[in-house]
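Here subunit A shows up in two complexes: once beside subunit B, once beside subunit C.
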Partner chain A sequence: MAELTDKMRKEVRAIIIEFFAEECEVEQSEINDSTHIFDDLDGDSLMFLELIEIFKKKYSLNIELKAIGKYSVKHPVRTVGELLTMQLMIIEHENNITNL
Partner chain B sequence: MSEKVLVTGINVISSLGLSMNENWENLINGKSGIKKISLFDASKLDTQIAGQVPESFEEYSKCYIKKRIRKQMTRVSQMCLTATKAAIEEHNIPISEYDPERCAVILGIVNSANSSVEKDTDIKNTILKGMSNALSAWISLEYGFEGPNYTIATACASSAYAIAQGYDLIQQNKADLVIVGGADSTINPEEIEGFNALYALSTRNDEPEKASRPFSADRDGFVIGEGAGILILERESFAKKRNAIIFAELAGYALTSEAFNIMSPKTDGQGMAKTMEKAIKDTNTNKADVDYINAHGTSTMLNDLYESLAIESVFGENASKVAVSSSKSMLGHTIGAAGAIEAAITVKSIRESQIHPTINLNNADPQLKLDYVANTKREKPIRCALSNSFAFGGHNSTLVFKNYPNNS
Partner chain C sequence: MLFGVGIDIENHHRFLKYKKSELEYLLSIFSQNELNNYAKYNSHLCYAISFCCKESLFKAFGVSWNNSKIQWTDIELLFSDIPETKKASIFLSGFAEELMINNNIIHPPKFDYTITESQIIFESILSCNTK
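Right, the complex of A and B next:
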C-alpha cells in the first residue's frame, strides 16, 4: 500500500499511455482519458493484466488477481481514464480495493 | 431448388509467394518453392528441405495485422488472417452488406503450429497461440461475423473438409457467405523427425527443387510445405446481385473414410476411387466433362500409384484424356492447408483456362499411365475439375468445381 503522490500519478499515466501507444501502434498524442480501449484502440482485456504486472513489479504491490476481478465487476473499465483510476486504486489500496 | 455455391474470392500464401497471382505465375511457370530449411538449424535431420513461406511475409503481414494481435498469434495464424484480409480487399467483398449472423468461417486446421520454432511464445500468450480454433476466431473477430466459426482436423484433408462444410452451410440456407480454407506449417524439428520415422519424407537434400517429384519412378517421399489457402464462398443470388467476379462454381463434394489403416490407403486406391465416383455422381457430373484433376499427388510411392489407379478405375478408357497435375511438386505438402491451397489453384486453373505442370517428371514410372502435364503448363478450357485430398487416418475428399458461365 502506497501513498499516492503527484509524481506517481504522472508516472502511472505516462506508463499507461506509452504502453497503449506501443502495443496498439498509435501516437501517444492520440490517447487521452476518454479514449476507449476496445473501440478506439482495438485493445483487449489481456492488456489490463500486463499493465498490472508492470505496476506490481514497479511498486512491489501485494495484489491478487481475484481482488482486481471483484473490483472491476463493480467498476468496469472501458476507457484509458477508467484504467488509470483503477491502477491508482490498486497502488493505493492493494488487496483492499475489494472494499471500495 | 437450392442455390448454387460460387467462389468469389481466392488467395494463397505459400513458398511460391504471398498472393494468389504471385503463386499462380510461379506455378504456371513450373518454379519450385522448395529450399534448404532456414527457420531453424535442420542440419542434423534426415530431411533438411521444405517449402517455406518467404521471410518477407513478416513485413507483409504487418500491413494487415496490428502488432497487438500479432503477439497473440502464431506465424501460421498470421498467414491465415493475412490471406483472408488480402482476399476480401482484392476481391472487393462488401462485408458490411451481409447479415453478420449469416456469415461464417470454417477452416481446416491440424494445429496452430505453436511449435518449438515459433518466436515470442511466453506464458501470457501460450494458450491463445496454441488454440487451433483461434484461426477461425480471429477472422470472425476481424469482420464481426456472428454465424458459426470453427475448425476441422482431418490431417491432410482438413481444409478440403472445411470447404465441404462451407458448401453445406450455404446449400442448407444457413449462411450467405462463408470463408473457408486452412493454414498449416509442420516445418519444425519434432514433426520432421516424426515424418522421417515413418519414412514419409524425401531426403533429397542436395537437390531441394527436384525433391518433390510426384508420379516419377524415382520419387522418395513428400516434401513438407507451409502456408494458407482461402476461398470465399457465396450464395449465387448474392454474388450476382452485386455483380461479383465469379471464379467458379463449387458444385459439391464427397467425403469418405477408408476404414482401413491409419497411414496407408486401401490397396489399388479403392477408397480414393470410391470418393471420386461419389463426388461425380452427387454433383450430377458427366465424367466426360472432367477436364482436370488437381491430384493429391504427394510424391510418395503408395499415394501416387494408388491415386493413379483410382483415376484409371473411375474414368476407364478415357482416363488418359483427363489432365492430372500435382501442385505439391512445387509447393511441397502443406498438410492441413493443402486442400484449400490446391482448391484455390484448381479454381484459378478454371478461371485462366490453364493447367500448371507437375514438375520434376522426367523419369516416368511405367506403372503410372495418366497424363500428368509433365514439366510444362498447358492451355486448356476446363469445364469441370476435381481437387483430391487423401489423409492419414483414411479421410478422403474430392471437391468438384465447375466453370461458371459468364464468369468474366
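Right, the complex of A and C next:
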C-alpha cells in the first residue's frame, strides 16, 4: 500500500494516457478524463488487464484480479477518468479495494 | 435449449509479446494447468485462443470478468495437440461450474474457433438439458 502524492497521481495519469495513445493509435491530446475507453478508443479487456499489470509491477502491488472485479461491480469503469480513479485506489488500498 | 452464445475476436499478434517475459501477467488469467499445457506447444496461439475462449464464455454466461464471480481461471482450455488441429477441451470450475450446474447447462460447452492470418474467432455455445 502506498500513500498517494500529487507526483504519483500525475505519473499514473501520464502512464494511462500514454498507454492508450500507443495501443489505440490516437494522439495523447485527444485523450482526457471523459474519454470513453471502449466507445471512443476502441479499447478492450486485454488492454485493461495489461494496464493493471503495468501498475502492479511499477508499484509492487499486491492485487488480485478478483478484487478488481469486485470493486468494478460497485464502481464501473468506462472512462479514462474512472480508470484513473480505480488505479489510484488500487495503489492506495491494494486488495482492500473490495471494502470500498 | 439454448442458454447462451458467446463470440470473441482477438488479434493474436498481440500475444506474441507475452510469450517469454510476461509470465506474471499470464499467471493471473491462465491457470497453472493451462500454462503447463501451452508450454508444450510453444505457440502464442495457445494463449490467444484461450483468452478468446474465456471471453466468449463470459459472454455466453451473460457476464463480464469484472462484473461476476467467475474467475479467469475458472475457465480452462487445454490442448491435446497443436492449436491448429482444434483438438482441445474446455473445463469449468469454481463459480463457472456452479452456474453451469444451477442452470442445468450441458458440460462440456460446445465450441469452435477459426485462426486467420491475424485473428482468432472463438465461438462457444451453452445449452441446457430440458426436463
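Methods note: the second predicted complex is superposed on the first by the 100 of 100 C-alpha atoms of A that agree within 3 Å, B and C clash if a C-alpha of one lies under 4 Å from a C-alpha of the other, contacts with A are read in each partner's own complex, and residues count from 1 in each chain.
Heads up, the rule we're going with is that contacts are C-beta pairs under 8 Å (C-beta built on N, C-alpha and C of every residue); 3 or more make two chains touch, one makes a residue touch a chain.
These numbers were taken from a predicted model, which means no experiment stands behind them.
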item: Side-by-side fit of subunit B and subunit C on subunit A, or clash; value: clash
item: Partner chain(s) touched by A:Ser34 [first = subunit B, second = subunit C, both, neither]; value: neither
item: Which of subunit B and subunit C A:Val73 touches, first, second, both or neither; value: second
item: Which superposed partner A:Asp42 touches (first subunit B, second subunit C, both, neither); value: first
item: Chain touching more of subunit A, residue-wise (subunit B, subunit C); value: C
item: Partner chain(s) touched by A:Glu50 [first = subunit B, second = subunit C, both, neither]; value: both
item: Partner chain in contact with A:Cys24 - subunit B first, subunit C second, else both or neither; value: first
item: Partner chain(s) touched by A:Asn62 [first = subunit B, second = subunit C, both, neither]; value: neither
item: Region of subunit B that runs into subunit C when the structures are aligned on their shared chain, from 24-32, 60-68, 114-122 or 186-194; value: 114-122
item: Doubly contacted subunit A residues - partners subunit C and subunit B; value: 46, 49-50
item: Subunit B partner contacts - residues on subunit A that touch it in the complex; value: 23-25, 42-44, 46-47, 49-50
item: Subunit B residues within the subunit A interface of the complex; value: 66-69, 71-72, 124, 128
item: Contact footprint of subunit C on subunit A as seen in their complex; value: 45-46, 48-50, 53, 56-57, 64-66, 68-69, 72-73, 76-77
item: Complex contacts: residues of subunit C adjacent to subunit A; value: 10, 14, 22, 24-25, 28-29, 51, 55, 64-69, 71-72
